[in-house]
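Each of the two complexes below includes subunit A, the first together with subunit B, the second together with subunit C.
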Partner chain A sequence: MNALYSLLFVFLLVLIPLFGVDAAHLRTFFGICIPVTAFIIFLIGFIYKVINWGRSDVPFRIPTTGGQFLSYDPKMFKQNKYDCPQTGAQTFVRMVLEVFAFRSLFRNTAASLHETKDGHVVAYKSSKWLWLFAILFHYSFFIVALRHLRLFLEPIPFFLKGMEFVDGLLQIGTPTMYLTDVCLIAGVVLLLGRRLIDPKINYISYASDYFPLVLILAVALSGIYMRYYAKVDVIAIKDLTMGLVTFNYHVPETIGVSFFIHVFLVSILMAYFPFSKLMHMPGIFLSPTRNLPNDTRAKHHVNPWNDPNIKAHAYADYEKEFGVPMAEAGLPLDNPENGKAPEEEA
Partner chain B sequence: MSDIPKADELFTSIDYAPPITGWMETPVDFSPGNWCYPAKPEKMEYMDSKLPGLWGKAREWSPGDLDWKLPANWKETVVNGFRERLDKFRSLKVFMDICVRCGACADKCHFFIGSGDPKNMPVLRAELMRSVYRGEFTLAGKIMSKLTGSRVMEEDVLKEWFIYFYQCTQCRRCSLFCPYGIDTAEMTMMARELMHLVGLNTNWIMEPVANCNITGNHLGIQPHAFKDIVDFMVDDIEEITGRRVKAPLNEHGHDILFITPSGDVFADPGIYTFMGYLMLFDYLDLDYTLSTYASEGGNFGSFTNNEVMKKLNAKMYHEANRLGCKWILGGECGHMWRVVHQYMDTMNGDTQGPQMTTPTSPITGTVFDTSAATKMLHITEFTSDLIKHNKLKLDPSRNDHLRVTFHDSCNPARGMGLLEEPRHVIRSVCNNFFEMPESTIREQTFCCAGGAGLNTEEILEIRLRGGLPRGNALKYVQDKHDVNTMACICAIDRATLIPLADYWAPGVIITGVHEMVANALVFEEGEKRTLDMRLEPLPGFEDEEDDWTPPNKEDA
Partner chain C sequence: MRMQNGFPIIVGLLLFIGALCTPFLVGTAVTGTYKEPELKLPANEKNCVESKEFMREQHMQLLNDWRDWALRDGKRIYTNHAGKEFTISLQNTCMKCHNNKADFCDKCHNDAAVTPYCWDCHIQPEGLK
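Now for the complex of A and B:
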């Protein structure tokens, strides 16, 4: 149901620029106003959110340790430096592995129950599908996004050309099919499929989990349609996009409606980003179980709101309360007076 | 006990298919057995007198009743407390925002594996809180509540929190597998803090907390009784070894203060581990003292709120300063070591006296720089270093009747990284050591299902279900390697693993690592032992009157 809502919603979103541009001729509105506004919302929303996280305190160092810590004898017990970092540099490597290789997801296992001849068994097997889908999706999306830089840069940097060359290496069709386009679609479809088919994942999914996937799928499909089927006027589009970055806005007449649909969907994605779970992208950098070294027994860490007024129940009070039986039991007392029974005092 | 299903029946009753109704619409089962008993009002009155304003109103109430007698302004209190904690804990704020519900954590939780209840998937446990976060604090959640899985704080929501945040043992296994490191333990801690504000609490946690403040330990053992117990242990040790060991209590002027969980003073099999400590220290003629005032290593405050965690923990340095100790040696315990390793110095480091120094073994001279800030050393680090320097005469054959596996406690594994030291000690004191399957040990270890204050009888079935992953892994090595002993370095484990093993892998006993050290420790050349630490005949070393010699020594 949640998936259906999302699909329907994205479908409606496609209709907006379709009618807006074709019927109402709002070319400047959809070509300039919407994307610029969306980009501003994205930028401000994104930065605001990250700053807002950053303003919250980190009272304790709580890394999740994923291996042997730095031992008293590191030769005898080898430290697992990147799953249980002790220093800033090691923590940096842990973060790099987490961000670029999805290290934790790579560890994934699947638990299952079995009835065997030897009795009941809970089995765990390595399960890297989610990792594979996620890598496929994120890297394709990243490269596709990077490729779009060619629309905003003049001259086009050589690394972009190199990347495009590699991406189009198979040389299928005209214009040449990009591998990342295929991988992006595959990644989204696999992630979406997993969410629909796995009953556990399906159960925890909201409309807000399907919507970004469907939206990104629509963005990718509209882009592919533009490039391979509608064969839009790329020169004119570059004219528009260069106008955006040089604040010299104009919308050439030769740009087809498919471009406006693509841009509108991207705009929705940008505007939606800061208010959604897509913020996991910057969030991982601020995750206290990953970005802190496991060094709190060796180095002092300050809790900004540590309350010095919270003190131990004082030993003196303890001795006052239990002094008599303590004395009887022969336990040493700091204040011998505490050991006297009340009637002795009188 | 009687209405607990048999192990086989329980196993086959587990169904991972989610209910037809969405999780927000699925009602919560409040029948007895699903919740821990609330705290006695007098305990909460006492706590309120010591740390005012954190506990709501003390009262008699029951989660089985419809009316939980919440204060009139409970909603405001919880929502404001939530908002306040979002600013105090970045972990909470970030974890509220960044979950993508990928489901990697879903089958990592022992409570989910053993129950199939989707609200025991870490992602949904956290969603119980996140849904409120979105509904109360975010724009998207306020305007599109259904689509974003948002809701506002209602009494039913709070009640659901009470059930499910007391079905989390803060073991952090989910956080290991989460691609963003989202830690359900953090959220459980926060949810429990919030529930305390409106007087929702459990006696199994709050009575130990109150006890610990008064008597110095969770069990409420008063100083003279503590001394009696230690004297009994000294007597038992004399019966086993013929040696009368020293057990200094509350003495000034020793270098080392030794603190271990009080559970080990109180019940089998923890006491044998405690006796092991006493023997080891006597063997070394260690300059140390025990304390009746700081007689608790564990910290049930960490299952309660950060304030009481700090208050209980503060005793350790307070006592070290009073007695003039240079550093603290800590016994085998799980959550105690999470608190000591990740919280103690931050909370109370500034109360360390000038006499305190980096822990240094007086026997080997090893300086333990990795604990330079806390000045507190784990006993397996200490013992492992002794063994490495060949300072202990050990006869591992005294443990030959034990076929041993090792249960990594969650906190030393995932909140510290102490994995090899205990294994080194175990391998040095016994000849038959077998690891459980890889996915159930070290950083991937499974909880005993009784951590974080859940080790109570009234939720035994929940605990046994949660104990399935550990129990099944134990059964595996029992079948494969004839394992008959599971060692652990945690006092809560020593209590909870017994019913767990009896249920899932009957015939396996539970031991502390230092109980095995004590068995193997040779006090003096030619020392004969006929009894193990449990005062049971040592197989192969029985007291026999005849001059029988072991076959392998016949030529000598």
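Now for the complex of A and C:
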């Protein structure tokens, strides 16, 4: 049901620019006002969220570990440096691998039940599918987003032409089919299919899980439809996009409606981004379960907001202070001297 | 405002926002005002194979179809939407009027950062360099 609602909602979102541009001729509204507003919402929302996270307290080291801690005998029990990092450098490597290679997804294991003649047996095996779909999707999306810079930069930096060449290496059709377009669609469909088909994941999926996937799928499909099927005047679009970045807004008349649908969906994605699970993009860097070294047993932790006026009160001092009533109550004392009342001493 | 690890968080945030806003900086500092590339249109011919709007949006599709029709199907005649017939040939039909690649094709292709592979097979015409 959640998936269906998300799909329906995205259909509705497509209809808005379709009627808004084709029937109501709100070209400036959909070509300039909506994307600029969405970009501002994205920036402010993003900054607000990250600052807000940065302000929350991280009083303890709480890394999730998946390997051997640095032990008393490192030769016998070798430390797993990147699953149980103990220094800043090891944590850095762990984070780099996490951010660029999705290492924790690579470690994913799936439990399965097998029937044998002795009854049911539970088996755990490495399951790399999620990692594969995720890495396919994220890298494709990144390259696709980067490729769009050709519409926002003039002069165009050299690497964009090289990227365009490698991406269109198969030279299928005109405009050349991009490999990343295919991989992006494949990645989203697989991630979506995983939620729909696997009953365990389906059970824990909300509309907020389906909606971003369906929305990104719609963004990609609308872009592909615009580029390969509807075909638009790219130079007129560059005129519009360069107008956005040079603050010289105008909407050429020759741009087709498919462009406005694509831009509207991207704007929705941008405006929705800071309030959604998509914030895992900055969130991965701010995850205390990832970005902290596991050194609680190596370094003394002082709570940073302790009141400096409150001094440590050791048990020996405590016993000195309360020794008499403790002795009266019959409590054992480390030092029996403390139990004597001061008058008796004198 | 008290932040834990405030410095790296702010630096990372600034880098990200800075990267996102690079087009605005480049746009105002380097580009100034953007102008669509100005094409050198043929002097003695006013009408292309199809209308201007069609050519602007679909010329790549047309050229791709032309290649398939001419080379794979042996069909050498193209009838346009107005019913006029043209010989299917990049070098003899298109380049007859648009005889300067650098002043025509490359203008928009550079602007949109695309490198069509026409000249992998065809002989590069004059005016390339």
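Methods note: the second predicted complex is superposed on the first by the 291 of 346 C-alpha atoms of A that agree within 3 Å, B and C clash if a C-alpha of one lies under 4 Å from a C-alpha of the other, contacts with A are read in each partner's own complex, and residues count from 1 in each chain.
FYI, a residue touches a chain if its C-beta (ideal position, glycine included) is under 8 Å from a C-beta of that chain, and two chains touch if they have at least 3 such contacts.
Just so you know, these numbers come straight off a predicted model, no measurement behind them.
Chemist: In the overlay, answer first, second, both or neither for which of subunit B and subunit C A:Tyr72 touches.
Modeler: First partner only, subunit B.
Chemist: If you stack the two complexes on chain A, which partner ends up touching A:Leu149: first (subunit B), second (subunit C), both, or neither?
Modeler: In the superposition, A:Leu149 contacts subunit C only.
Chemist: Quick check for you: in the superposed arrangement, does A:His120 touch first (subunit B), second (subunit C), both or neither?
Modeler: It touches subunit B, and subunit C stays clear.
Chemist: Return first, second, both or neither, reflecting whether A:Lys161 touches subunit B, subunit C, both chains, or no partner chain.
Modeler: second
Chemist: Looking at A:Leu43, would you say it contacts subunit B, subunit C, both, or neither? Reply first, second, both or neither.
Modeler: second
Chemist: Between subunit B and subunit C, point out the one touching more subunit A residues.
Modeler: B
Chemist: Considering only touches as defined above, state whether A:Phe247 meets subunit B (first), subunit C (second), both or neither.
Modeler: second
Chemist: Jot down the residues of subunit A that show up as touching in both complexes, subunit B in one and subunit C in the other.
Modeler: 54-58, 286
Chemist: Show which residues of subunit A lie in contact with subunit C when the two form their complex.
Modeler: Those residues of subunit A that touch subunit C are 43, 46-47, 50-51, 54-58, 149-156, 160-161, 164-165, 171, 173-176, 231-236, 238-239, 242-243, 245-248, 254, 256, 282, 285-286, 304.
Chemist: Flag every residue of subunit B that touches subunit A in the complex, lowest number first.
Modeler: Within the complex, subunit B touches subunit A at residues 7-8, 11-12, 14, 16-18, 22-23, 50-51, 86-95, 97-104, 106-108, 113, 118, 121, 123-124, 127, 138-140, 144, 146-149, 172, 175-183, 186, 213-216, 222-224, 227-228, 249-252, 292-293, 306-307, 310-312, 314-315, 318-319, 322, 340-343, 345-347, 349-350, 366, 368-374, 376, 381, 384-385, 388, 413-421, 424, 437, 439-440, 442-444, 468-469, 472-473, 475-476, 479.
Chemist: Which subunit A residues qualify as touching subunit B in the complex?
Modeler: 2, 5, 49, 52-73, 76-77, 80, 83-84, 86, 98, 102, 104-105, 107-111, 113, 115, 118-122, 124, 130, 134, 198-209, 211, 275-277, 279-280, 283-284, 286-290, 294, 296-303, 305-308, 310-315, 318-319, 321-322, 325-326, 328-332, 334
Chemist: Using the touch definition up top, name the residues of subunit C that touch subunit A in the complex.
Modeler: Those residues of subunit C that touch subunit A are 1-6, 9-10, 12-13, 16-17, 20, 23-24, 26-28, 30-34, 36-37, 53, 56-58, 60-61, 63-64, 108, 110-117.
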